[in-house]
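In what follows, chain A forms one complex with chain B and a second complex with chain C.
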Partner chain A sequence: MSPARLHPLLLGYAIFLAFVLVAPTLIVALMSFSAGVLLRFPPQGFSWRWYGYFLGADTWTRSIETSAEVGAATAAISAVVGTLMALGLVRGRYRWPQLLNGLVVGPMLVPPVVIAIGLYFMFVRLHLVGTYSGMIAAHTALALPYVVVVVSSSLRNFDRTLERAANSLGAGPVRTFFKVTLPLILPSVGAGALFAFITSWDELIVAYFLSTPAVRTLPVVMWGAAQDTTDPTLAAVATFLSVITVAFLLIARLLGYRTRAA
Partner chain B sequence: MASAAVSTRQRARSGADLWALLAIPGILILGAFFLLPLVLMALRSVTDPSPANYLVLTSSSIYVRVLVNTFVVAGCCTVICLLLGYPYAYAMHRAGPKLAAVLTIAIVLPFWSSALVRSYAWLVLLRENGVINGWLLSAHLIATPFRILRTNTAVIIGMCHILLPFMVFPIYAAMRRIDPTLLPAAAVLGANPFRAMRKVFVPLSLPGVYAGSLIVFIVALGFFVVPALLGGPRSMMFSELIVTTVYELLEFGQGAAMAIVLVASALMALAVASRFVRLGDALNYGSR
Partner chain C sequence: MSGALSLREVSKTYDRVRAVDRISLDVVAGEFVTLLGPSGSGKTTTLQMITGFVDPDEGQIILDGRELTALASHRRNIGMVFQNYALFPHMNVEQNIAFPLEARGIDRAERRRRIGRALDLVGLGGFERRLPRQLSGGQQQRVALARAIVFQPPLLLMDEPLGALDKKLRDRLQLEIMELSRTLGVTVIYVTHDQEEALAMSNRIAVFHRGRIEQVGPPAELYERPASVFVAGFVGDSNMFTGTLDAEVLRSGPWQLRVDRAKTACLGHATAATIVVRPERLRVEPASVGDEAGLAGIVRQAIYLGATMKYVIELSDGRRVNARMHAGSQSSSIGVGDAVGVSWDIADGIVLPGEPEQTSLAGEPDGSP
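This part shows the complex of A and B:
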């Protein structure tokens, strides 16, 4: 379709809406560099002072570490387990495939508050509230579906004659998997891992229920602070959260394009 | 094709499907940390202390009022996202590759970025002494600052910002499946562009519209962060009520019952909609 056939009114509308979608986060990012005490736009002057407050306070830095650790572990486990699950779902045959698909998409559809309190009730009894392992297990359940979806779609486009070729040249199934299949789907596994990290990095509600003052993720601390203040430190925190998300997302999309080209 | 059929039959005969076994770790994780907690919660809702937990919903008019408000807000978000999202998806579909990439990124970013961050951004923008009021006042467009924080309007603005991608992706996917030669064919047969759109293109894009509307509605029912930050007591949503019941009132049994009611509402919407929608269409958005 040629771009010339897009009506100018529609073109203008789409660009305007695209701008509105991105603008709020951008405005907050600009305000976070304000030199003034008040959140104003356009910001008065330029300074890093709010980032200084943010990165100088123990509560914030500890929560960044917690978030990074939980996110990394979630991404690693989800990537391995999700890839295996995608292989199983795409290539295996099941008696009730719908049931299995329902299990995979469930965490995307059930309200997060419901998952959060279900896990909270269970984890209170298991003494997993306020532990890294509890948080990682919960976030893995939330993030796994994204890995499965991404890797499945790359497996469905996978040319299996390549595997048969490897097989006929004498490679066993394990060798074929590690030398042929895995390298070809690796970009989408990487993209899935990044999506899993972002899911955990941005997640608030489950983390809110499972955290204690000792183990709190960055969104949970930000949530607590956002209840009673909007000072520019929060703008700095919000911008920090978004920058990481956007960076990982862009990398994931680049990996996605490479998969399609392969 | 023939060889595939043969190998399938062979596998069926041999019985052991080794590929299928690979899904087991994932099934165990989702079973233990997603399904099991929900089942235990359902049990708790009738045993802690008794099924009378569900009667809490009738104990005060607030529960029904909040549940109705939740459906109203979710319905408004669905309609607004559809009105905003359909033309946007169409623009994505017809745009050249560069513009399409820009439009896609603008819609993907909100999909993945945190609801908390964006609610905070809207909070900053919409406050009485916020950015938008500042602009309007200094441009002399308004004499007194508007107050929309703590109302459904603010909640709906914030929610639509987050929900729009859920509408755009399925519609866009449906549009891409439409055979591009159909519109020229309609033109050859004498239809003007408007008629060709109305009689050919729009009907063929409807599966995407149904799928997108369903997803937006269901996801909207469960929103917590946006209404908690941008809304007030009168624009409360059901998730907020559940969190208050569990976290502040410590009424675990009642909270569990309310959570089950929320899931049941979503399932009901799903059951009604499944007459119109192939659920697979509705759920492939995550891969984009």
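This part shows the complex of A and C:
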């Protein structure tokens, strides 16, 4: 298929839309390289000083570590649990598949504030507020649907004759899963895990409710900084956050293509 | 020699439809048996019950004296070749063929030896490192075959393995599969809807129709002595005359066709019956020969097929029959538009109870066995 020629008006509209979507991020990125001491646009001069500053400050680096740890744990747990859930949803036989599906993707539809408040009151009783496990559990709940959706779709397209072939060749269910099914859906599981990481990495609201000064993720610290500082450090942190998110999204997309091609 | 398979009164019902209805079949060790039938006739379901992908509702499946129905499919030790090859796309040829050996805990050196032998058998030595998607359809099916025989199963099942290949390759692989099965002495159950393939390859053919086996026998027997109108229509080309049996004749449309009463003794008077005549048994003569020439008709098509000529003749009541003769015999004098008489020896008219169904391939003027 040859690419259709875009109408000039449509092309203009597309460019305008892309600009509106990307501009805020670009402006923040530009401001982060400012040589001046105030967060303003256009930036004055060019320097890396704010990056140096934020990477040298304990508060920032600690929160980056916290975010990375929470994100990695969320990704790992979501990948395993989400894959199992997807297997159950796609392969299982039960009465109301729609209902179960709805329950699984539910967290995607409920406003984050509602989830945050609910989790907060529950976690206070369980003494999970301000703990890594609490943060990871909450983010896993938010991230699971992404893994389930991505892995389910790859399982639905999975040619089950391959599993029958493995059975006929003498492989039991466990061997069949680990040698045939899992390797073939692995790109989707990986993509799901990356989505889960990103979900956790830039999540503010739930993290804000569950954080204490000891356990604070990057977005929570940024929120605080946005309230009471005016230097471009915040812009540098934001740019750092965005670059990581975009990189992970790109990898996830590539993995998605690989699954479809297989 | 092992590989004796026995199906006893096996049934499977899906949503109140009897997909397989009390089927019994005994297969001798080393035999090549084809399950032939149109789609939905129960042949694939039968195959899947042998592999264990589907559990029968009733009946027994016995391989070398061992009841299979309670065994999970991965414990049955049966080789299976799928229509779409079902090669593992993330493994290369060698890894694919090693898979059943690894599952059986066979050591590396022995695996290597057996993989090499299996690849030689299917003529794919040197392809070990290729991925399935780097192979042609025919090569993929050879790998699938190697993978299914490398663990030396006593029984090899093949589900329309050549369905996705073009005609020439199909013919070649048919021969290769036959030779391979003889070399290995393995019992083969082969599923196809292609009657030519069934006739060419099998020791015996089981013709499936509506979940039942209509007839089991060697190819020649099915062709020469079909047990039902369905078998006659499905195996080989045929011309059918349907009517009512009455004393020594079958009343069919405007004609009274003589039948061999000795062969139809079991059929009562005034019952619906069909005379089946194979195209090569029809005599076609110029109408000028006289009244004895048989049913009057006009040649509508004369097709040169090399060794034979094929004629499509429109009889006086409008129906069409196929005739086939050696090219270069007297037939050369017959051309399109000629008035001819069509007849056959009484012994060549197979009389069967009942009528052909609209869905069968009876009388279709194409395909040539």
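Just so we're on the same page, the second predicted complex is superposed on the first by the 252 of 262 C-alpha atoms of A that agree within 3 Å, B and C clash if a C-alpha of one lies under 4 Å from a C-alpha of the other, contacts with A are read in each partner's own complex, and residues count from 1 in each chain.
The rule is simple: a contact is a pair of C-beta atoms (placed from the backbone, for glycine too) under 8 Å apart; a residue touches a chain by one contact, two chains touch by 3 or more.
As the structure is a computational prediction, the values presented were derived from the model and not from experiment.
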Fit-or-clash call for chain B and chain C when the two complexes are aligned on chain A: fit
Which of chain B and chain C A:A138 touches, first, second, both or neither: first
First, second, both or neither for A:V180, with chain B first and chain C second: second
Partner chain in contact with A:G170 - chain B first, chain C second, else both or neither: second
Which superposed partner A:V22 touches (first chain B, second chain C, both, neither): first
First, second, both or neither for A:V148, with chain B first and chain C second: first
Contacts of A:L126 with chain B and chain C, given as first, second, both or neither: neither
For chain A as apex, the angle formed with chain B and chain C - C-alpha centres, to the nearest 10 degrees: 90
First (chain B), second (chain C), both or neither touched by A:I198: first
First (chain B), second (chain C), both or neither touched by A:P112: first
Chain B versus chain C - smallest C-alpha distance in the overlay, whole Å: 5
Touching both chain C and chain B, counted on chain A across the two superposed complexes: none
Chain A residues touching chain B - in the complex, by the definition given at the top: 1-3, 5-6, 10-11, 13-15, 17-19, 21-22, 24-25, 27-28, 31, 39-41, 81-82, 84-85, 87-89, 91-94, 100, 103-115, 117-122, 137-138, 140-141, 144-146, 148-150, 152-153, 195, 198, 201-202, 204-205, 209, 219, 222-223, 226, 230, 234-235, 238, 241-242, 245-246, 249, 253
Residue ranges of chain C in contact with chain A within the complex: 51-53, 72-80, 82, 84, 86-90, 99-100, 103-104, 147-148, 151
Chain B to chain A touching residues, read off their complex: 8, 11-12, 17-27, 29-38, 40-41, 44, 84, 87-88, 90-96, 99, 102-103, 105-110, 112-118, 120-125, 127, 131, 134, 161, 164, 180, 218-219, 221-225, 229, 239, 242-243, 246-247, 252, 255-256, 259, 262-263, 266, 283-284, 286-287
Residue ranges of chain A touching chain C (in the complex, touch as defined): 159, 161-162, 164-173, 175-176, 179-180, 183-184, 262
